[in-house]
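Presented below is the structure to which this report refers.
Chain naming follows the written order as A, B, C and D, and within any one chain the residues start at number 1.
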Amino acid sequence: MTRAKNALAEHRRELLRQMLRIRRFEEKCVELYSAAKIRGFLHLYIGEEAVAVGALQALTPGDKVVSTYREHGHALVRGIPASSIMAEMYGRMNGCSHGRGGSMHLFDTERRFYGGNAIVGGGLPLAIGLALADRMRGEQRVTACFFGDGAVAEGEFHECLNLAALWELPVLFCCENNLYAMGTALAIEHKQTDLAMRASTYEMPAWPVDGMDVLAVEETASHAAEAVREGGGPHFLELRTYRFRAHSMYDPDRYRDRAEIEEWKRRDPIDALVRREKISSDEMTVIDKEVAGEISDAIEFAEAGELEPVESLTRFVYSPGSPGGGPP
Amino acid sequence: MTRAKNALAEHRRELLRQMLRIRRFEEKCVELYSAAKIRGFLHLYIGEEAVAVGALQALTPGDKVVSTYREHGHALVRGIPASSIMAEMYGRMNGCSHGRGGSMHLFDTERRFYGGNAIVGGGLPLAIGLALADRMRGEQRVTACFFGDGAVAEGEFHECLNLAALWELPVLFCCENNLYAMGTALAIEHKQTDLAMRASTYEMPAWPVDGMDVLAVEETASHAAEAVREGGGPHFLELRTYRFRAHSMYDPDRYRDRAEIEEWKRRDPIDALVRREKISSDEMTVIDKEVAGEISDAIEFAEAGELEPVESLTRFVYSPGSPGGGPP
Amino acid sequence: MNEPVKTTYREAMREALREALRRDDRVFLMGEDVGRYGGCFAVSLGLLEEFGPDRIRDTPLSESAFVGAGIGAAIAGMRPIVEIMTVNFSLLALDQILNNAATLLHMSGGQIGVPLVIRMTTGAGRQLAAQHSHSLEGWYAHIPGLRIVAPATLDDARGMLWAALEDPDPVLIFEHGGLYNTSGELATDAGTADIARAAVRRPGSHVSVIAYGGTLGKALMAAEELSSDGIEAEVIDLRTLRPLDDETIMDSVRRTHRVVLVDEGWRSGSLSAEITARIVEQAFYDLDSPIERVCTAEVPIPYAKHLEDAAIPQVEDVLAAVRRAVGDGG
Amino acid sequence: MNEPVKTTYREAMREALREALRRDDRVFLMGEDVGRYGGCFAVSLGLLEEFGPDRIRDTPLSESAFVGAGIGAAIAGMRPIVEIMTVNFSLLALDQILNNAATLLHMSGGQIGVPLVIRMTTGAGRQLAAQHSHSLEGWYAHIPGLRIVAPATLDDARGMLWAALEDPDPVLIFEHGGLYNTSGELATDAGTADIARAAVRRPGSHVSVIAYGGTLGKALMAAEELSSDGIEAEVIDLRTLRPLDDETIMDSVRRTHRVVLVDEGWRSGSLSAEITARIVEQAFYDLDSPIERVCTAEVPIPYAKHLEDAAIPQVEDVLAAVRRAVGDGG
């Protein structure tokens, strides 16, 4: 094998490892939720791993990410340590949001990860603003903004796509079309279900991508991100994917038929890459072990985390430098 | 001349008269504003008369109308007496909104005129609901919803077009594209300035129309309204027009160059129809006199109107049938 | 009244919906996931099957549009029940609620009534963090033209909806998320409830403890405990937050001379501030001690359980406030 | 301080903008018609010519998007000044203001500061009718994480903006539409103003009249008239509506023992309710008579002038309230 081929194989093995990290991390979250270690809303990304892993390959450390309440995958791939994500879900001080945010509100400014937004569509205007700042300062940075097919129905979607196009902002819109908004199917949400086509009417390049194929996602996202970085204005990716699990831990999933779910599971992005790259079961065992280790370390870290003293309840409402100082 | 020809001539003469009613009514409003008889915001329709006159020909008494703060034209053509509109602007009890609404909030449920909305885009959801009620009751009615090019940037525009298309609601969207939202030109508001094209992506028929040609507006609106009435779902008209006056009485109009305004004035919808129909100056004098009479009667009516007693200030906050009765 | 049956707040609410839909064909339910999903909190579960997609209408994520559509449909003579999944998302529809629903009757000189009912879940307590834990019902009570109700009991969960549908004006029903699973007995023929008056849920003579919705249970628990110390608290359930029933409040204050308000809203600008002001205006000389407010701390609700518990009113907080009120000035 | 010059509230505000834009290249102004039109109230007239379309940025009618864009730009290190033409339209951006601007610092455990300034015109009094006459600044003061200021004087119009830009947290500046044309003297070197404290605008010993923004002038006029009757009212300008400066308020109340609040918000749930509650909590035993609230009637503002005048606080209302306060219980 040539060196190039080796590198490529290495890289794809890394993509596989990243997808597995998300998968195993969330499988563990489910256990911990049942064990009441994690509370609140928990939205799983299982089945959609190829989207986060593929799309985020296109970003550099200087780029920015805005996500939703279904963001464990984006956070892990972006480099927020599994340990501080887990600690956050435990509500501990060593969590990436100091225990204040939980599963839906992961933040890490060092990695330029701007959260975890639990209002559908609420992250889009933030992404516009982050990109506007870069644009005004002439910095060649990309802001990747993840949101779902349901968010496309919100007025903010429309306002933000127009604004991004109008002001030629360096935003990479990543629409995770998993065919459902909670229990509401795409065709019940939208008259026009071709989301990429709709985005293109704002005069921005918009491409549909097979979101179950990590290599396809990576390739398209890289092209798009490059174009954005070069000053080509906003680009839009419709990433066609599917969630294998219910919307959240509260969701009995009555609205999808089993056959449909099984059908999509046959397209599991992890299995697909394993087959395609002919990853041996030995190799898998190695990766699995490595990932398992990372996750058990994460749990240890979370368990060891301290609870913030109740006395500091009203911290983080106003900044230290606030005139007259803090709360009313 | 055959009878048919006569009837046609008669009809067009009526269209002319309606446009003149709006023009003269508003010219008088300007005088009365300077005389401080009318206060608050006053938005003139002068130059856009062909839109209201042409579009509203397509409606029957059972149909519904939702408008904006620039609604004198729609109100007059829909049949709200000039007198009660004038009295409303005087803030008198005999005004069509009892003096509570003023120029921006004309209402008349008898004529199914649902106002006068001063929040840009705010009327669209109402129109959706009015049409939804008709649709659920299986009534073959059309709801005509007027709004401007600026409103197209609001999130509600996007939400409402999707909803109307998704639920096949009998709405006739009448977008009055006068090229400006206050001082902001179309291309500064929108990346994609072809508004009809944008509407069509919601899968509804959408046509641009010369809004300075009352006959063209009438013809297109009639086709569209028929289709809506027959169950064809929502239709969208982009009525290309221009306001000859400033945005409101407060507006110094610094943002448009005089040449552009003059250019459009050459396309005055009233002059155009007069030329086309070869209306004689004698005939014009007759119409003018008739219209002038209507307007001076309106002023007399308004001047004679009573002011509502201050004691009834909190009327109309809760309905008579309100449990426990009215205000807190 | 016949045979009471065991039920829950959720089921009582569902029964109220079912009855309304059967009783009046102008009534329909519209909102996100009310149909196929069965309602975010399973309140409307089964209604789609009984009434069909036309009357149990799943909407896209377009809060402003479907709330405004409810307003328009109400104006046109329908009796829409719009469900905004939670109060947290209602901000996206606030322009329609304030500038249209609450205002059209007045702007039109009395022509345009808006007989609209909007239901939404409110409140904290389930570790849903800052964006999903708002208690804004008291904030909505600032808006003239609206009626705001907060059912806290099974009877009110069952009875307030029909009363709201009979109201010619817009009514907002706030259902505290912590109440859906509360269970108890309800008469099968439980009828419509009054939505104009507060109710005394527990008589007492030493102090008036005024609560509503999610805080009523805590107030009653505190009252029980206090009674064993010989302090008899009168517990008032506001029920309707706008218009407020001053009469019931003042009547109690004039008898107890001491007041504790329990309110899950953020303290500053809370509903309890308004009630305090009214008591000062109407019963100042009857007060023996400062009015105590037990409210939510002025902080976006944190995810961590111990911090969330510390942020929102607890029984202990009510106990402490009552003891301060009774101790002082007496 | 050097040579004062004659100027207006509008010009003082414009000077403050100009200075900020010159002083810090991270500052930019964004909003509807701020550029080519010159600002709906001509506040930003001429700034486009001086600073160009990149820093004086006309936006489409997309309140939620451009307010949210201001939040994002602030997070990224810029110092945006977002102009929402009037408070009436801010409802369309309220989700961004409450769920993002006010909340991100907390949800992120202190990582994400939002140094954003939002300016908006507020208030009634110009016959603009129900949808264009809201006074919601007191309502916004309910939200933790925000600072709310209301400049009522030329000095504050000139000085509060820079202070707001130096604040690490989001600041909302409410400019009463009736103040733009007020004129007076202002030092050419007038500097930045404190945005943490209230101010005593007129000392007095008989009653504390507490006002802000659009109602300060009316309070001062009333005080003048009262003084000729031998009643010396102390007039307090709140200046910052959140966080409230309790110290200045209580200090005055402890001296005068009587309070009248003048507030253009709707009475129920108004800022004056919160201030009443705080006075009761902190200075109950200092009060000699019930606290009087002079607020806007609970009605959407009517168009007709005589009705609008009757709906909002007038000097006569303040006079009557003070006389009641001083007459009572004394």
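Note that contacts are C-beta pairs under 8 Å (C-beta built on N, C-alpha and C of every residue); 3 or more make two chains touch, one makes a residue touch a chain.
For each chain, UniProt lists the protein as follows: A, B = Pyruvate dehydrogenase E1 component subunit alpha; C, D = Transketolase-like pyrimidine-binding domain-containing protein.
Keep in mind that what you see is a predicted model, and the values were worked out from it rather than measured.
**Q** Name the chain whose C-alpha centroid is most distant from the C-alpha centroid of chain B.
**A** A
**Q** Consider the two chain pairs A-D and A-C; indicate the one with the greater count of contacting C-beta pairs.
**A** It is A-D, judged by the count of C-beta pairs in contact.
**Q** How many angstrom lie between the CA centroids of chain A and chain C, rounded to a whole number?
**A** Using C-alpha averages as centres, the distance is 36 Å.
**Q** For chain B and chain C, let me know how many angstrom lie between their CA-based centres, rounded off.
**A** 40
**Q** Suppose each chain is reduced to the average of its Cα coordinates; what separation in Å results between chain A and chain B?
**A** 46
**Q** Which residues of chain A are in contact with two or more other chains?
**A** 97, 99-101, 105, 117, 119, 122, 153-156, 159, 162, 166, 188-190, 317, 327-328
**Q** Would you mind listing the residues of chain C that make contact with two or more other chains?
**A** Each of 60, 62, 64-65, 88-89, 92, 95, 99, 106-107, 129-131, 144-145, 242, 244, 268, 298-300, 302 in chain C touches at least two other chains.
**Q** What does chain A use to touch chain C in their complex?
**A** 39-41, 88, 91-92, 97, 99-102, 104-105, 117-122, 150-151, 153-155, 181-185, 188-190, 251-252, 254-255, 307-308, 310, 313-314, 317, 327-328
**Q** Chain B touches which residues of chain A in the complex?
**A** Residues 153-159, 162, 165-166, 188-192, 197-198, 201-204.
**Q** Would you mind writing out the residues of chain D in touch with chain C in their complex?
**A** It comes out as residues 64, 88-89, 91-92, 94-95, 98-99, 102-103, 106-107, 129-131, 134, 138-139, 141-145, 242, 244, 265-266, 268-274, 276-277, 280-281, 284-285, 287, 289-293, 298-300, 302, 329.
**Q** Spell out the part of chain D that touches chain B in their complex, as residue ranges.
**A** Residues of chain D touching chain B: 32-33, 36-38, 40, 58, 60-65, 88-89, 92, 126-132, 268, 297-300, 302-307, 310-311.
**Q** Which positions of chain A touch chain D when the two form their complex?
**A** My answer: residues 64, 95-101, 105, 107-109, 114-117, 119, 122, 124-134, 136, 155-156, 159-160, 162-163, 166, 315-328.
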